[in-house]
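By letter and in written order, the chains are A, B and C; residue numbering begins at 1 in each of them.
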Amino acid sequence: MTTTVLPRVNYLNVRHGVASWLLTKDHKRIGIMYLVVVTIAFFLGGLFATGVRIELTTPQGDFVSADTYNRLFTMHGVFMVFFVLVPVVPAVLGNFVLPLMIGAKDVAFPRLNLLSWYVFVFGFIFTITAMVTGGVDTGWTFYTPYSSSASNSNVMLTGIGVFITGFSSILTGLNFMVTIHRMRAPGLTWFRLPLFVWALYATALVMILATPIIAITIGMMALERALGFGIFDPRLGGDPVLFQHLFWFYSHPAVYIMILPPMGVISEVIACFSRKNVFGYSFVAFSSLAIAVFGFLVWAHHLFVAGISPYSAMVFSFLSFAVAIPSAVKVFNWTATLYQGAIWWRAPMLWVFGFIGLFLIGGLTGLFLASLGLDVHLHDTYFVVAHFHYIMVGGAVMGFFAGLHYWWPKMTGRMYPNWAATTAALLVFFGFNLTFFPQFILGYLGMPRRYHAYSEEFQVLNVLSSAGASILAVGYTLIASYLVFSLFRGQAAGANPWRATGLEWKTESPPIPDNFTETPIVNEGAYKYSEREIEVA
Amino acid sequence: MPDIVASHADPGDHAHHPALQHHFQTLEQQQEASTLGMWIFLVTEVMFFGGLLMAYLVYRVWYPLAWSEGSLELDIRLGAFNTVVLIGSSLTMALAVRSAQTGAQKATVRWLLLTMALGLTFLVVKFFEYREKYLLHHIPGPNFQFEGPEAPHVQIFLSLYFGLTGLHALHMIVGFSILAVITWMAHRRRFSPEWHTPVELSGLYWHFVDIVWIFLFPLLYLVDRAHHLS
Amino acid sequence: MLEGIPLFPVQASNLAPEVDNLYFFVTAITAFFALIVVFFVIVFAVKYRDHTGEKVGAPITGSIWLELGWSIVPFLVSMAIFAWATIVFFHLVRAPDQTLEIYSTGKRWMWRFQHIDGQSEINELHVPLGRPVKVTFTSEDVLHSLFIPAFRVKADAIPGRYSSIWFTPTRAGEYHLFCAEYCGTKHSGMIGRVFVMEPNEYQAWLGGGGGGLSMTARGEQLFQQLGCVSCHLTDGSGRGPSLAGKYGQQEQLADGEAVLVNDTYIRESILTPQMRLVAGYGPVMPTFQGQVNEQGLMSLIEYIKSLPSMGQPATATK
């Protein structure tokens, strides 16, 4: 699987110097630049989580003050949600791989792509400034009236940071949509597209339709806080719950921005490492669109105990069950893909196995929360925390790692040592379950979220959770280590180390600046691992 | 840099148009992509204003009296004048696009300048409206003063008024700046019948900003006016 | 309360077994489907593992019947869960007609409970075993949420609005009460205890002194002090409508709509009187915003509730 040397001129070495990176229009370089910022954000978010979990090893609030703790969990959420989970797969892997996958030289608007990165960094700097000048303590959800009138923390700065970053998301979504519509290679019809492209398209839909809402909602909250405008202020007859409706109208679809691209990655990796087509290709493709659409219809399931009418709650509960079905369809199709496959247990595939197990638990526990009769008890407890971490970390982050390990040789031209990658995957899987499974139990017991100190009987489960978090930290550090190591000492990977189908593997590793020497022409579907294909009756 | 990449598979066309960016195969592809991009951007703008309009909708249903009172405080003559000004500016913008399409270089510049002038007129009128509100202590916040039992709800109405028209004015300012750049490009003869996409896209944006105002004017200025006329 | 490492909360209300049964049902179903999928993933991953790295998978692309099957069956199962859960939900949110009413306000960072008889307590709530209890509450500042895990009840406390929870305690003892909506520095300190007492003990506790005026009496006091009595004459001839017997009835408004006279409407009428004006009366009632606090509002509501319909003697006059 080795080739002799890296291509003489590739996108990494075609030009040197900081300016050549900061002024690049190359989607591949921009993807790497996003990776750098996202990694820093992940590290910061992880640092805050460490603070939280250390505090929670004891029932008393004895590690940090209550105000500090409230800032720790808030900023953990803000950094992880806005600066890691939303951009990580689309802006890192998507930027890198999308044009390659469709046989294009770049995305539709390369300069806009660079602008997206600058906007992202600008928002990041604002948020970091908020952090170092005292932090913010409203929870990443910024609920009014606390955020608009009671909090003494850097709400405005953080709000501005998030507002700015939203535009990065919008512009990336816009770029991807036009790219997929207009830049496909000759012969690459929609139903020949890789499923990652379908996933990115569905994600882009959500990005452009939902993100402006969070921007304007934060804007309204900021106007209220800074200028005393009355929009959510109950003293003027305003409705604080209106903020929740507007906030979740974005933030629920946002979680689909976070999970759809990793699901796309899973499709890619599972096809390659089973050496066969994804089972039910069109169902998987359409399920991405269905999730994107339905995702807009369920936001008020975050408000079941916030005083909405029971009939309204019924409708949102029903829709929340409905949105689970397309995800279930994907999981079943991936499982069926394994049937009679030729399964290759390499690192990317291990992340896929982990994803399926953890996403299952995360998704199914969502049904508990969609159930009205249970949500009354479970809302705002650790059950919810466990549920969304299973999906976000067990799902989205592991999906990202699957993709990173899959496309790393393409991005860098280097391979990482498989034994190290396997070890890290196992550590993360085990550490993750130890961290978050006890939290389901804690939640049903009644331990509320965002608690600095808690009742004694919750301690043992909390200690287990914190122990798991330390294992997770080791796992993540290991990943960073061997990936960086591979940059200097990794084996040269060659154009197609995984012998995968897909246009991105038909070009060099790392690719030349314009991706292809000649525009490819496509005349077959994705995942053509065998000569003939049959539809099972 | 050594360009080892084969050139774009471009069977039909002759020499590359200077405006053709190298990641596109043809000028047509580039123009279609740009136009699609602008339409998608406008969709995001609809959602952006939509959040404020949702808040407006909820509170209007809850507090119809306050909406009526608050609307009465706005100067309908200035609002109507501004509406005519903006619609006029959309007309001049459309004519600018038409001129660009037909290669009428000087006319393009003139229509663009006229559009900018009308846009500026709108903003100046808005400034005077805001100033009036400031003098009457109608700006929401600690200095807000208003008579009557509906005062708190009128403050919500005015918060949304400033939010909506302020956001709209911001978009006008951005649009004005964009038109300044486009006008300069037109002055430098950068556009031709083959390629004038920036003019068209600016036109799309300008029309959108106009349409937003066409919604805002009745929603803000014309609440329950018939009732008050009698 | 520390019995080893608790893994499951105690059931202390009539609602708890309902909620728990639903929980077991959903757990069983989700565990079943999860185990099936995990089973197949493991079996396929092991059985079809390719050590050579040279093989190719079978050329299977899909099956419409499987797709339909595994879309429709999960959907039907979801609907079953949805139906059961909705039924439980309506039990949780619809209090029975006859309940022991307790009022509460949350503010940073404490809960104040007001019994009708006049007893008030801070961060503690005494309730009698076996009787349905309804707690009506609001917030004086930011969002809070009243959560009693052992009863399986929770509702957000929203400034400007009333929320309520109801339960029938079924087990004597002491249980946690938590604030479940982040509210700032001492959010995790905004906790308390619920004491479920045998009925006779509860009566003893109630009569234990230090209660002060009953809420109804307090409300009547305010009704006089704030001047309500001068416009809201019982026979309806005053400048404001009669309030006798109005609680729980439909009232015609000036704009033609009808409104249910409940806690929320009364509170709103005191604070923003012009919003929903009763038909036949002019917009002359001043606002009492700032002149009466949340406890006062709740007392006034209790007083108005106590006023019998016209034609019957009032329970307490000046």
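The rule is simple: a contact is a pair of C-beta atoms (placed from the backbone, for glycine too) under 8 Å apart; a residue touches a chain by one contact, two chains touch by 3 or more.
Nothing here was measured: the structure is a model prediction, and the numbers come from that model.
Participant: If I average the CA coordinates per chain, which chain comes out farthest from chain B?
Facilitator: Max centre-to-centre separation from chain B belongs to C.
Participant: Going by the touch criterion at the top, tell me which pair is linked by more C-beta contacts: A-C or B-C.
Facilitator: Spelling it out, more C-beta pairs touch across A-C than across the other pair.
Participant: How far is the middle of chain A from the middle of chain B, if each middle is the mean of its Cα atoms, in Å?
Facilitator: Measuring from centre to centre gives 34 Å for this pair.
Participant: What whole-number Å value describes the gap between the mean CA coordinates of chain A and chain C?
Facilitator: 35
Participant: Approximately how many whole Å separate the CA-defined centres of chain B and chain C?
Facilitator: Using C-alpha averages as centres, the distance is 46 Å.
Participant: Using the touch rule from the top of the page, what residues of chain A touch 2 or more other chains?
Facilitator: 235, 237, 239
Participant: So which stretches of chain B touch two or more other chains?
Facilitator: As it turns out, chain B has residues touching two or more other chains at 63, 152.
Participant: If a residue has to touch 2 or more other chains to count, which residues of chain C qualify?
Facilitator: In chain C, the residues touching two or more other chains are 272.
Participant: Flag every residue of chain A that touches chain C in the complex, lowest number first.
Facilitator: Residues of chain A touching chain C: 61, 66-67, 70, 137-139, 143, 145-146, 149-151, 234-235, 237, 239-241, 274-277, 279-283, 305-307, 310, 313-314, 317-318, 321-322, 324-325, 328-329, 331-333, 335-336, 338-345, 353, 356-357, 360-361, 364-365, 367-368, 370-374, 376-377, 379-381, 441, 444-446, 448-457, 460-461, 529-537.
Participant: Would you mind writing out the residues of chain B in touch with chain A in their complex?
Facilitator: Result: residues 1-2, 4-6, 8-9, 21-25, 29, 32-33, 36-37, 40-41, 43-45, 47-52, 54-55, 58-59, 62-63, 140-142, 144, 152-153, 155-156, 159-160, 162-163, 167 of chain B touch chain A.
Participant: Could you pull out which chain C residues touch chain B in their complex?
Facilitator: 272-275, 283, 286-287
Participant: Which part of chain C faces chain A closely enough to touch in the complex?
Facilitator: Result: residues 1-2, 5-9, 18-19, 22-23, 26-27, 30, 33-34, 37-38, 40-41, 44-45, 48-50, 53, 55-63, 65-67, 70-71, 74-75, 78-79, 81-82, 84-94, 108, 141-143, 145, 147, 149-150, 152-156, 158-161, 163, 176, 178-189, 191, 272 of chain C touch chain A.
Participant: Give every residue of chain A touching chain B within the complex, in rising order.
Facilitator: 9, 14-15, 104-110, 112, 170, 174-175, 177-178, 181-183, 208-213, 215-217, 219-220, 223-224, 227-231, 235-239, 242, 245-246, 249, 512-514, 516-519
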